[in-house]
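Next come the structures, one after another.
The same chain A turns up in both complexes below, where it pairs with chain B and then with chain C.
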Partner chain A sequence: MTKKLLFGLITITLVALVAVPLCSSSCVPAPAPAKDSIVIGASRPLSGMNAMIGDAAFGPIMTMWEEEVNAAGGIYVADYGKKLPIEYLIYDDATDVGTMVRLTEKLILEDKVDILFSSCGTAFISAQAPIANKYGYVLLTAEGGATIMRDALYGLPYVFISLPFSDHYQLPVFADMLAAKGAKTAYIVSIADLHGVEYSGVAAIEFARVGIDLIASVSVPETQEDFSIIIKDAKAANPDVFCVFGYPPQVLPCTAESMALGFNPKCFIAGPGANFGFYQFTFIEALGPNCVDGVLCFAAANRATSPEFAELYDDLEAIVSPAMLDWWGHPYYAPLVQIWQEAIEETGTLDQDILRDYIATHHFDTILGDTYFEMSGEGGGGLLVKETHPGEIGQWQNGVVEIVGGGPWSNTVITADFIYPKPPWPTP
Partner chain B sequence: MDITALTSRRFLVPGLITLTVLATLPLYGSLYTVILITTILMYIILAVSWVIFSGPTGYMSLASAAFFGVGIYTAAVLMPNTGQLLPLPVVVAIAGLISGLLAVLVGALTLRLRGIYFAIFTFGLVEIIKQVLLYWEFEVTHTRGRFVVLVDNDTVFYIMLGIFVALMLTVYFIRRSKFGLALQSIGENEEAAAHTGINVTMVKVITFGISAIFMGAAGAIMATRWTYIDPYIAFNPLFSFMPVLMAIFGGMGQLYGPVIGAAIFAYLQETLQTTFPYYYMLIFGIVLVVAILYLPNGIVGLIQKLIQRWRKGGSAEQNANT
Partner chain C sequence: MDLVTILDIAIGGLLMGGIYALLAMGLSLQYGVARVLNIAHGEFIMLGAFATYTLYTAFGINPLLTLAIVGPIIFIIGFLLHRTLFTRLRISSPSPGAFESRSLLATFGILFIIQNLALIGWGANLRAYSYLNFGVNLGGAIFTANRLVSLGFAIGIGLAFYIFLVRTRMGKAIRAAAQDPATASLMGVNINRVLAICFGLGAVMAGFAGTLLSMRVPINPAMGMNYTIIAIIVIVLGGLGSIPGSFIGGFILGIIGTVVTYIEPSLSLAAYYFIFMLLLLVRPKGILGK
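Presenting the complex of A and B:
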């Protein structure tokens, strides 16, 4: 009897699992509702390898913006003659590119969202950009950027890249900083993926330009866990500059091994990883708040950059732990939502073509100051101009990330002097 | 495995109807339906291709992701967004052939391995190819990621459907042929099969190759949907496990088992993922555990049981009436 019951139960459950969503999506034709919100769609990594980055980077900015806009009653859209609150429709791509592509098309074709937000990770936005562009959806990208994407922009008029990357304009600034201090030799460890190859390649070019010898450039697979051999080799080579171009799973053990083996080069740069609050939090318990002082990272702004940035970080800290603060990304993700808001309010529409042209041709007054995109030729996409960057290189000093390097343009705000050589690692 | 089930004509009519419905889908289905069905077809192709070899022989292959990935990568190399080198159908055919050749080569080397050894080796193949490609791309050609030309959704759908039809016909003819019988006998008792004069290794290697052709072809056409390809994306181990799960879920006793399994599985994944973004993995896991515990013969087993019960019920009623 129990067996029979169970059997029937399984059958019914299976049928229901298939039939219910099928019915809800196709049996009942959705009536065209009166517009009462701006629906923003996004395929984000709620699970999988990138979940931690997504939750710390663009995620908190999205949450903050939603609260802020909706508390004010929404964004005024002239086409509808009223303020519309924003509403997120977020799917989990489980850190899988194929899933992300399919969900992006679902958001565009089936859910017909008003606005599309960026996916997370360079490979992800590389795949999402042509899709958004194909359907004429404006895509302001968040977590990611690469030279290969900049080259592709010529055919992607709806795509705008916000985050600075290797030669735009982090490593040229970094190389000049090192040259000014008289660094002579460098050792690079990089992860064997797009990010690592790009940064180690650009660094080699920039180091050669300023006369720094590259002693070694070691590429490691993403599965590498033990870095002691590499750190020992680096210690024996005794370079002035040590670079880790990887993610937190490479950056954190490289730092820990360097501390353990007493490898203290004059300059230690690691990223992405050292630009997050959790970099310090990993060692803070054993070594105190100054545990990673002297380490360099890719960073744009901190609380001292301007009162607006101080407010941004205070607001972020109210909703996420300080370990989630990001000194590289947050200064660029916050302006994204400001750009969207201004573009919608000024054009008074949610029409993607009009919004695209507005974003392509206007200067925006954001937290970064004068903010605008350089367009890649006729009918190409946009790249946030380097003159918008308030900084490129940060350094941990007295337990906070100070901005120690930036390009030679007026927007740059240096918050502290670059300390070279770095102080020794603290001892427990 | 029941070979006769397929030879019967009762599948001809429903098969043709399904095919007609599918072939005319872009005419009445929404754009997204076409995309969703394309993905489902992809999973069906992977699951059925896996069953072609692993079903009758009992050799557990985890190389699906390797053959699928080789197809993806072939398309990425031959159809960069900077200029397509060859027409799409040719690329799909080449991708299938390369995957097939790789399978024959690997099969000839390894099909003497049995059981767990073969499974581990085939899974290792996915990693080997990924790492070799990474090395090649980064150290030799200095390329990082490749953009693939965009192809319109209907074209992708029709090519996928074409691969699916070709696959089903191939399976049909294999099962009806002497070759299929040989394959079956290998699964039942390999030594006995060898003693009856079957060239066991040859049959296994050829079947392995055939199954890989379709995986490679499906990979090539999927590359145009994903638009950006790097070795990590192309050689995703998930595509080694999904076909196995789908085939078990659907039931391997019948040809339509993996088809139904893959279709339901892919559809469930899609709806759960979008309806319950935070819980779908949990629900998915429960469905899978329940299916494996209580449906040893998969969905097909369940359907057959239901039909049997219904017939029994019907005849019992008749007896009562007389």
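Presenting the complex of A and C:
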């Protein structure tokens, strides 16, 4: 009897030892894997030439979004069954493409971040896109864009380009605006990098299309700081249209020299640079708030575009100075984080493949209205469709950037008439 | 090419060259006398530029008057750096050669420290202000007033310093230390003090160049390295340790830069390096080098 009891106990114990672990993995629902936050990695130019663009462009949107999301307790991710706050892991690439490439690989391979955010600058996102794509990380690019990137999208299914660029659809709109005003000649100064090559090349094509003669196209190295001889040459050539396709270190001295030398073409466009608040602030002390009136820039929206944009710029101004407002980029970077948030909430996952497919196939209701990406063939990347652009060209008028040019689609909101010729530079 | 274009190029070159000369003079003093090849030289230019920017935009102090504030502050920083760091390195180094390489590495460290402190203090943004930004007509060629004024100040500062070196007792001590520190020390020159003063004065030249530059170009905490490279090219061109050489080298580089910019702007940077290589091959001691 005792033997039988003992045998029964041993059998039950053995069965329990085998069955309980099996049951725990298959019979009872598994607890959600532990996770405390969504880690978003980015290689950003915290120093170097692009730092001022990074700080004023995507930077403020990142800060604002982090505050908003975390104040609400985070983003609900169904896979983890709870709201997860977002946490940034940001490295400084010091505006060096090579460093950015290494840091991007580190973020993906070593830090294993949940989400990858864009680097800053056309040349930078061009280099980052194939890396993100190789490791299957979704990349919604911020500052930058180029025709060669759009062509490469066919082989980059994880890459989505958000910012409008040269022929998508800024310069075609710009050329049509100039043609309508009867402009005949143009002079281009561009920086010797991907951005300058891209814009001067596309501008040459677009100007030729509308019958504007290109008098000169001058390329300058990024270290160039004396622009007087170039501005004098431009002044002697007396073009209707003067273009500076460079960054603030080129845009600001070209503007200052043009003011001092009395070079006042009928149209003066400069960017990226003139689309930021700091462009006006550079001259405001000496020349007053209307110091850069008449200058054109690449810009999408301002406070008059819609109440939502007015609210966006008010919210941004609450966290950054007015010098940091960006009338070209902010209208696109704000939707970009909205897209991330909706994609994560709707799919309930941080799985890059699922997120990629969701972003590629869905329309998003953002500050731009109906927002979606045009996909480049089967298994390619996406380009934010031009019909979402509320504007392409801005002009400083009475101390603010007005939207004076946009594409022929319903989303376009023109906030003021294009003034041509531009008023003379103010005198001190 | 008409007369106005020639004037444009010639005067434009002098305007760039004046600033180059000033910053090269500082480095020439630091390397030629104190034997410190100061890679952080450009960071003192940046400090001068930011100090002026802050004093002008926050307190409304005239940028040219800020020279009187920037000078003493940067001199003290440079002087103390030498008395603490470089004097110790000099004493502990087994040979002058070892000191040169050790101090070179130390200046890399100083570069990163100053640049990152500036990043924390001022942020990475580009800063610019508009001052004396109007045209002045010189025989048909027009130049901005701020560039003409900065050339005047650069020449004035250079001349004052040259007179200081030639006419004063301290100037004599500096020249003696440049020729032979050991002998100068035996003759009663307080060598540590003289070298520290040289280093401090070199930093002041950089700070002054920064002040003058901030009136005409946008500034940011990473701006220094370009100017360090230009200063090195100019002192190689003009001859190490020679004040007139710094001016001649600065003006030559400025004029070459302007000529190349007039012909083909994309080659202006390449032209600087070409001159640098050519000179090292043909006359490594520089134009006025001994």
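Quick note on the criterion: the second predicted complex is superposed on the first by the 395 of 428 C-alpha atoms of A that agree within 3 Å, B and C clash if a C-alpha of one lies under 4 Å from a C-alpha of the other, contacts with A are read in each partner's own complex, and residues count from 1 in each chain.
Assume a residue touches a chain if its C-beta (ideal position, glycine included) is under 8 Å from a C-beta of that chain, and two chains touch if they have at least 3 such contacts.
Just so it is clear, the structure is predicted and the values come from calculations on it, not from any experiment.
Asks: Mind working out whether A:L214 is in touch with chain B, chain C, both or neither, as first, second, both or neither?
Replies: After superposing on A, A:L214 lies clear of both chain B and chain C.
Asks: Between chain B (first) and chain C (second), which does A:I354 come into contact with in this model arrangement: first, second, both, or neither?
Replies: Neither chain B nor chain C is touched by A:I354.
Asks: Examine A:L261 and indicate which partner it touches, taking first as chain B and second as chain C; both and neither are also allowed.
Replies: Touch status of A:L261: second partner only.
Asks: One more residue to check, A:L252. First (chain B), second (chain C), both or neither?
Replies: second
Asks: Mind working out whether A:V320 is in touch with chain B, chain C, both or neither, as first, second, both or neither?
Replies: After superposing on A, A:V320 lies clear of both chain B and chain C.
Asks: Output check: A:A416 vs chain B and chain C. Expected answer is one of first, second, both, neither. What do you get?
Replies: Touch status of A:A416: no partner.
Asks: One more residue to check, A:A204. First (chain B), second (chain C), both or neither?
Replies: neither
Asks: Is A:L46 touching the first partner chain B, the second partner chain C, both, or neither of them?
Replies: In the superposed model, A:L46 contacts both chain B and chain C.
Asks: Who does A:A179 touch here: chain B (first), chain C (second), both, or neither?
Replies: neither
Asks: Could you list which residues of chain A make contact with chain B in one structure and with chain C in the other?
Replies: Overlap of chain B and chain C footprints on chain A: residues 46-47, 94, 192, 219, 221.
Asks: Touching residues of chain A toward chain C in the complex: what are they?
Replies: Against chain C, the touching part of chain A is residues 45-49, 51-52, 54-56, 94-95, 192, 218-221, 223-226, 228-230, 232-233, 248-249, 252-253, 256-257, 259-262, 278, 282-283, 285-287, 291, 427-428.
Asks: For chain C, which residues are in contact with chain A within the complex?
Replies: Those residues of chain C that touch chain A are 8-9, 12, 15-16, 57, 115, 119, 123-126, 128-131, 133-135, 142-145, 147, 216-218, 220-222, 226, 257-258, 261-262, 265-266, 268-269.
Asks: In the complex formed with chain A, which residues of chain B make contact?
Replies: Spelled out, the residues of chain B in touch with chain A are 30-32, 35-36, 39, 81, 131, 134-135, 138-139, 142, 144-145, 147, 150, 222, 225-228, 230, 232-233, 236, 238, 264, 267-268, 270-271, 273-275, 277-278, 280-281, 287, 290, 294-295, 299, 302, 305-306.
Asks: Show me the residue ranges of chain A that touch chain B in the complex, using the header's touch definition.
Replies: 6-7, 10-11, 13-14, 17-18, 21-22, 25, 46-47, 90-92, 94, 96-99, 101-103, 105-106, 109-110, 123, 126-127, 130-131, 134, 146, 148, 152, 155, 192-194, 197-198, 201, 219, 221-222
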